[in-house]
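You will see two complexes here that share chain A, one where it goes with chain B and one where it goes with chain C.
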Partner chain A sequence: MNIVITSTGNTTDSKFDLRFGRAAYFCVYNTHDQSTKFIENENAEAQGGAGTKSAEKIIELDVKRVISGDFGPKAKELLDKFKVQMVMLDDGNSTIEAIINKIS
Partner chain B sequence: MPRRRRLRKVVAPPGFKGYKPYGHKENNRMVELNYEEYEAIKLADYDILNHEEASKLMGISRATFARIYESARRKIAKALVESSEIKTVFGNAHLDNDWFLCTSCHARFNQPESNTNACPICKTNNIEPIINND
Partner chain C sequence: MAVKIAIASGKGGTGKTTVSLNLFHYFRQVLDTSVQLIDCDVEEPNDKLFLNDHQAQKIQTVNQLIPQIDTNNCTFCRQCVEYCEFNAIVVIPPAQFAEVNPALCHSCGACLHACNTPNAIVEQAHPIGQIQNYTENGELNFIEGRLNIGSAMQTMLIKEVIKSPTVNADIQLLDSPPGTSCPVVATVNNVDYCILVTEPSPFGLHDLKLMVDLLHELNVPFGVIINKSDNHYPEMDAYFEEQNIEVLGRIPFSTEYAKRYAQGRIFENIPKDVEEAYKEIISKLQTKVCYYA
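Our next item is the complex of A and B:
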């Protein structure tokens, strides 16, 4: 199963990003082989529709769960439709590695 | 440009994909019943609510509710008279799915395919539903 965690940087030491649509990077974590892959979010600086575009990207990546700080109404709607589980965490100080350790 | 359609809140989707008549002359007729129409029939005729209350539950105006209800009844009548199949389709529904809070790690999450009662982060069962009003 693939899980996406929003990240502020492209290493596992980076801090978790509380924003979904405008997160700097998406960390794709594969629960089978425990690999991580970082994808730059080209919608981070978008004028509008960042949430929708990011949600579309998540759906393309065939992800079953997304971990972020909060989701906008449009992103929520789209992820809901494609049955992607959304998880919201409040702690912006934890690193990607800490979150991966928690969920595995 | 017409005004955008408000999404109609549906508490639970119908527990079936459709209904088929039997003992009739074969035909390929089919009526598509939207989720919101199913919900309207359920609220008005099964839960016996008046249109005012039912429309509030679905997040739409009373007049819109009446319109959806009317269309649902006509579709069902059409299906009965013409002995055609009824198929349920998503329509403009917004499913009122549940959000949960984990009391151990304070993660909030939804359960799109809810079979488990465990928190996706810390795997404990200390979860409680959040009543979400947005």
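Our next item is the complex of A and C:
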């Protein structure tokens, strides 16, 4: 299963990004082989609709669970529609690695 | 053509509504001229609260055309997504999913232009708000725009409200929303003259400057009314002097008058000094009206 963790940078040392639509990177963690892949969020600076476009990206990546600080209403609606589980984590000091250790 | 005068402020709560209603009242009383009041503050129109004798007429619904994607015809090529400046379209090819988010759509029509597939995108009308006409003794002289709750299409509605009057008048007074953003631009953009209502305080002056910059950019002539003028704030007068800005009048503060405002009885027992201030403002505006007519 693919899990996305929103990240402020493109390594596992990076801090967790509390924002979903405007997260700097999406870390795609594959639970089968424990691999990670970082995708730059091209909508981070969008004038509007960043949440919608990020949700679209998540669905395209065939992700079943997203871990982020919070989700806006438009992103939430779309993720709900495609049965993507949203996990909210209120910890901006955590690294991506620490979160992966927690869920694996 | 009516002479269009907008009443704007920058800062909220300086007295746009009070000034708009009083000008509506005194213009007709002093000049014997036909005046229309148009409430352009579509997110929270409140002029009607003070106009008890006005009769509601037919309501006109304003619609926004929002494209809808028919997934039976769509090829999921994402061309429309590329064209959409507002990120309003979501197309997920593997899921055979394509949808327009009405909250983000600006009805620009770019997606229709982008799409090469017949009947894949069709525009449908979505209501964004209403325009309500009111008459007083049979004369249509008050128009109110009211945005539907949840809609973000203020500017589109304001533009429709401004061009909606079917009956002509000598003067149109446009009560503007607060601030200096798009809804205000939509209100003051094509007026002949703008009245800026301010209050003598640092906050009042700060936001007034933003509004002055905006009007310079739009090339709209303007003058200032200082409301609650009792407060002494020399920085403001220095600014007017330095910028060569015309002060149309100063309206003193009155607790009694503010109480009647809160009760919706703005035209009762107007204090003498307030009345004199408005009459002086009207005489200054009269020459401008003649100039722009």
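Observations, loosely collected:
By our rule, the second predicted complex is superposed on the first by the 104 of 104 C-alpha atoms of A that agree within 3 Å, B and C clash if a C-alpha of one lies under 4 Å from a C-alpha of the other, contacts with A are read in each partner's own complex, and residues count from 1 in each chain.
What we mean here is this: a residue touches a chain if its C-beta (ideal position, glycine included) is under 8 Å from a C-beta of that chain, and two chains touch if they have at least 3 such contacts.
Predicted model only: the values in this text are computed from it and were never measured.
Of the two partner chains placed around the shared chain by superposition, chain C is the only one that A:49 touches, whereas chain B remains out of contact.
By the touch criterion defined above, A:60 reaches chain C but does not reach chain B. In the superposition on chain A, A:19 makes contact with neither chain B nor chain C. In the superposition on chain A, A:80 makes contact with chain B only, while chain C stays out of contact range. Within the superposed three-chain model, A:89 lies in touch with chain B and out of touch with chain C [touch as defined at top]. The intersection of chain A residues touching chain B with those touching chain C, taken from the two complexes, is empty. Across the complex, chain C meets chain A through its residues 86-88, 90-92, 94-95, 97, 101, 103-104. Interface residues of chain A facing chain B in the complex, by the touch rule stated above, are 65, 67, 73, 77, 80, 83-90, 99, 102-103.
By the touch criterion given at the top, residues 94-95, 97, 105-113, 120-122, 134 of chain B touch chain A in their complex. Listed in rising order, the residues of chain A touching chain C in the complex are 43, 46-50, 52-53, 55-56, 59-60, 62, 74, 78, 82.
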